[in-house]
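Common to both upcoming complexes is chain A, partnered first by chain B, then by chain C.
Let's look at the complex of A and B:
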């Protein structure tokens, strides 16, 4: 029973991580409809930005984290301006944009590998606090993972609800053509979506850096889980992405009660498969017409 | 020397992979990311069966084909119901799972160690253990695999695949079972990819999971994009270039790890640059020279569409009490309509009245919440759209939905009914039957084009037509289905009066020859000039029906119409 409790807590922690990834991915995918695979390496850029400024420039971790976020935002905005925007202007199909994003994915991931090497990068002298709650063990970084989702989700909620650009972003998520007709500058909103989404992605990336360290390949599983959270929750729903992230995180951890750890991602896949089989539009997605 | 031969073997293997991937992406527009996984399934099946079970070549290869095809089908099932992003994520997941299984199911796959000492292929007493000895086998198998892919792509089935890629709903509207087509092409593509895996295992004599990751899928993808989607020769060229090019990096003194990463960067950059500068690839799918149609075809005319006595006004289609709501909003309610042989019925009403929804209900594109449709006395509501088209009831779309990257001729040819070339068995095992039918169908398609006056544009891509020509092609494609009941969704909107006058007699002639016709139209002059009967819809309900004259004269309707 203690094991199940621990696994459930781990599930909530991992779920927060996936939910955060899903929200960042969804913020970009919702209004722009771009399947942004390069979200993965941009996630990694967030972590490497933090690592580089912390170890090479000797900045304190908090300041380095800000640098990591800024690096990710810059990379996200540039990827829209230099890669996706020209395709949009030409009216290319989703498929073409998706293939281009895969091209950017593999290019960036390997450039990171060439620049920084493939060894795991860690920030030295970080010793996270460990808490014992009855039979359950958690670290301070894990608590931060949960808190980060709460903070980011609240900020985003306020932004989407009350800020002018946030509302425009929601309108475009709902119906891009209509948004354009009523005079929303869709290019600017797309840029904001890429900036905000990349910033959101950098947060879980930095926490993973502190928890396990960064590798050039870390972005692949990140974009995959972000994608899964969005699909499970339902495309176009932020609430859905959060619940989708938690659903996947909890199920895959509880699954380890009976299965060895290396099958963890397989469990996520089975969840995805079943959901697509029985609810093709996701848990909270709008019905497909 | 051996090094050069080795490169040639790799070109042959990757040509198989790129060609089979092209069937999915290029021909069918199905974007899957699991190709390396199918490559791996073939390699591991061969390695396991040949090593642990001692099965001789080519039996492991066949087993690999079967397993890969089955996995392809199983994975396809949920994703193909929805498509688009879902197919991407499902196949990406399969890719991850496949590698996880290869790494973790240690008792079967050797885990991270992989499987070594895979037995060589023996031809008589000769082991194919060098690149030079293996090359003939690799080339022969690659040629056979690519022939299978080419045969598929060049057949009427391949034409239907391209139609599905261009527009799925329109492919259904010409009677194609898109779900079956997707599953079939998925299984075939996976099966062919596994062949490359089987050869690879015998050739390298060692398999491990790192060869079959997502990076390999992207590598193969780069070959397809570089060579040209929808063109198998392009895939061979793309494979050749992308196998040879990275080898040049070996002449630069770099640490192997960096060189490997540079290779990946190169693929990524090639993908992006090609899509920006030449998205159709080095060898484009459409070749204007090949598309030229010999003169004099289809001059015999269409012949009688139906016996002339058939235009007798008997009821062929009965829609009864149809109701459809979308999440509480009622789009159509209590809608009943009779369509009669030889008569033209006009469906009129203001925007948003539910006219197109009514068409969708009649033709099976939407399932009614209540009510039913009977065609020749048989209930057809509940059947799939393509089945209703095959039964003899076809429709066009307001937004045309032409197969834009196909020629005018192919737009029509793909719509011809009952094609043997749509059946894979006939494509592979009775090619002469398909060939004879193709000759006949070419003639028939040209006759249809002559009927609407588009014969001169037969070899053009549909996307290059003028708007009026596009409208004519819509009519031609609908006509080619051979359906008895034709439902036109705004066939004349946006045309100038002169062109319109040209289309009038075409539609009238169809009715005279016994077709049952229904058109949605806004222009009251058209309704008056063309229709025998008109049905007025507003807010999802039938408000009135009668001859066009009486409806147009009704002041209440006029007010509703122009409100």
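Let's look at the complex of A and C:
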């Protein structure tokens, strides 16, 4: 029973991480319909931005974290302006944009490796607090992973519900063409989507930097799990991305209670396949006709 | 006249025979040494370290005039840390574009992929990094200047047994290397009266291993065997300690990269590894380490030392083979040159001796991490 409890807590923590990734990915994908695989290395840029300013400039971690978020925002916005927007102007197909995104993924990932080296980057002298709750162990960084989702979700909720650009983003997510017809500047909203989505991605990235360290390839699993969370939760639904992230995180951990752990990386795929098979629109997505 | 003509004919035959045996060496304009490393992908740290060691050796040898006046050239291909297919593509490029007959190889999967190609094309392979035991004898022409993982793990078991530990939990890479270590150590550990209470697998490159560590913790082992390699070692130690586990943890590798990731939690980690430690009584090691640090800005890992040494090994064998003339740079000739005298200078100090199975015998030692660095404890004779 102790193990089940620990696995459940691990699942909630991982689920919070996946949910944050899914929300960031969904904010970009929802209005722009761009399958932004380069979200992975932009996630990594968030972590490297924090690491570089903390270790090279000696900034406190909190200030460095802000720099990490800004670095990710800049990279996200530039990726839209320099890569996706020209394709949009030419009316390129989704497939072409998808391939361009994969190209950007590889380019950015290698660029990080060339600029910073391929070894693991850590911020020295960060030792997380360890809490023992009966049989369950958690660290302060894991608690931050859960708290970060709550804080980001609340801020996003407020932004999407009450801010003018937030409402425009939701309108574009709902129907891009209609949003354009009623006068919404869809290019500006796309830019905002890339900025906000990249900022959200930087938050879990910085927490991973503090927890495990950063590597140039850390974005691969991040974009994959973000994608799974969005598909499981339902495209276009931020609530769905959160529920999807938790579903994958908890199933992935609790499923290992009796199964050998070598099956763990398969679980996310199984969940994805089952959802695609029985509910292609995801748990909270609109039904496809 | 008849006698004279017979003598003349005999002399000509003798001369011709001598000329055949002393066929001049077919010197290439440059000796290309190929390498297949993980230059990109999740394991690119290895490729960076290995290629730095290799490049340093090539430049050093060239600065001294090359091998009998012939310069060396390093040609590095990328297997991306992936399986055999990437290795095969890499060796095909080395053969077709560069005509390389000497290849430094790394990682078990790619090496197993290229082994039959090396056999067919008479290519000499030197492995300084891969640790999978399946590589032994995979090619007629492969040699290893790196101790194999299963041997190191058996050394780790000896240490754990000597400490009187009985219940072992294992955390291992889910790949051929990790699986092979598990299959090698389990019977030995059980035969010694021990039991395995948990065996948990993590994919190579995994960063989240909380589930695995939770399951090991729930099994309450006396000792944790960590059958994985950098940077997962550092991360695994960190998570084990953060989960409040105080048991001895013993493994088969610990690098500066792991030290960074694990931080203070690495204190007390035990590991068995090749004994590479530059010191005053080992001038070549010391010089190599000083030059490496000057050039690359970091102290050399033993992987860098192995590939540095691999180039020197290749140069020595080429020199030996060249003395016999003819087409002297190929797997058959270089292997024969090695076994003329299987003792070769080692940058680890002294000489390494290549066994008939192609694996060099090097000194293996137990280390304990103190202040983020492996501190020598004792030499281990693996039984």
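Structure notes:
Everything below uses one rule, namely that the second predicted complex is superposed on the first by the 285 of 289 C-alpha atoms of A that agree within 3 Å, B and C clash if a C-alpha of one lies under 4 Å from a C-alpha of the other, contacts with A are read in each partner's own complex, and residues count from 1 in each chain.
Here is the rule we use: contacts are C-beta pairs under 8 Å (C-beta built on N, C-alpha and C of every residue); 3 or more make two chains touch, one makes a residue touch a chain.
In this text the structure is predicted, and so the values were computed from the model without any measurement.
Following the overlay on chain A, a clash is recorded for the pair chain B and chain C. Of the two partner chains, chain C is the only one that A:14 touches; chain B does not reach it. In the overlay built on the shared chain, the residue A:235 is in contact with chain B alone; chain C does not reach it. When the shared chain is aligned, chain B comes close enough to touch A:35, but chain C does not.
In the superposition on chain A, contact of A:272 is made with chain B only, not with chain C.
Within the superposed three-chain model, A:110 lies in touch with chain B and with chain C [touch as defined at top].
By the touch criterion defined above, A:128 lies against chain C but remains apart from chain B after alignment on the C-alpha atoms of chain A. Of the two partner chains, both chain B and chain C are touched by A:262. Within the superposed three-chain model, A:102 lies in touch with chain B and out of touch with chain C [touch as defined at top].
Once chain A of one complex is fitted onto chain A of the other, the partner contacts of A:118 extend to both chain B and chain C. In the three-chain superposition, chain C clashes with chain B only at 109-117, the remaining stretches of 19-27, 55-63, 109-117 or 307-315 being clear. Chain A uses residues 110, 113, 118, 220, 260, 262, 265 to touch chain B in one structure and chain C in the other.
For chain A in complex with chain B, the residues that touch the partner chain are 35, 83, 86-87, 92, 94-96, 98-100, 102-111, 113-114, 118, 220, 224, 227-228, 231, 235, 260, 262-263, 265-266, 268-269, 272-273, 276-277, 280, 287-289. Contact residues of chain A toward chain C in the complex are 2-3, 6-7, 10, 13-14, 110, 113, 117-120, 122, 124-128, 130, 132, 137, 139, 208, 212-213, 215-218, 220-221, 252-253, 256, 260-262, 264-265.
Of all the residues in chain C, the ones that touch chain A in their complex are 40-42, 44-45, 47-48, 174, 200-203, 205-208, 210-212, 214-215, 217-218, 231, 234-235, 238, 242-244, 256-257, 260-261, 263-264. Interface residues of chain B facing chain A in the complex, by the touch rule stated above, are 25, 29, 31, 77-79, 81-82, 84-86, 88-90, 92-94, 96-97, 100-101, 103-104, 214-215, 218, 221-222, 225, 257-258, 261-262, 264-265, 267-272, 275-276, 279, 326-327.
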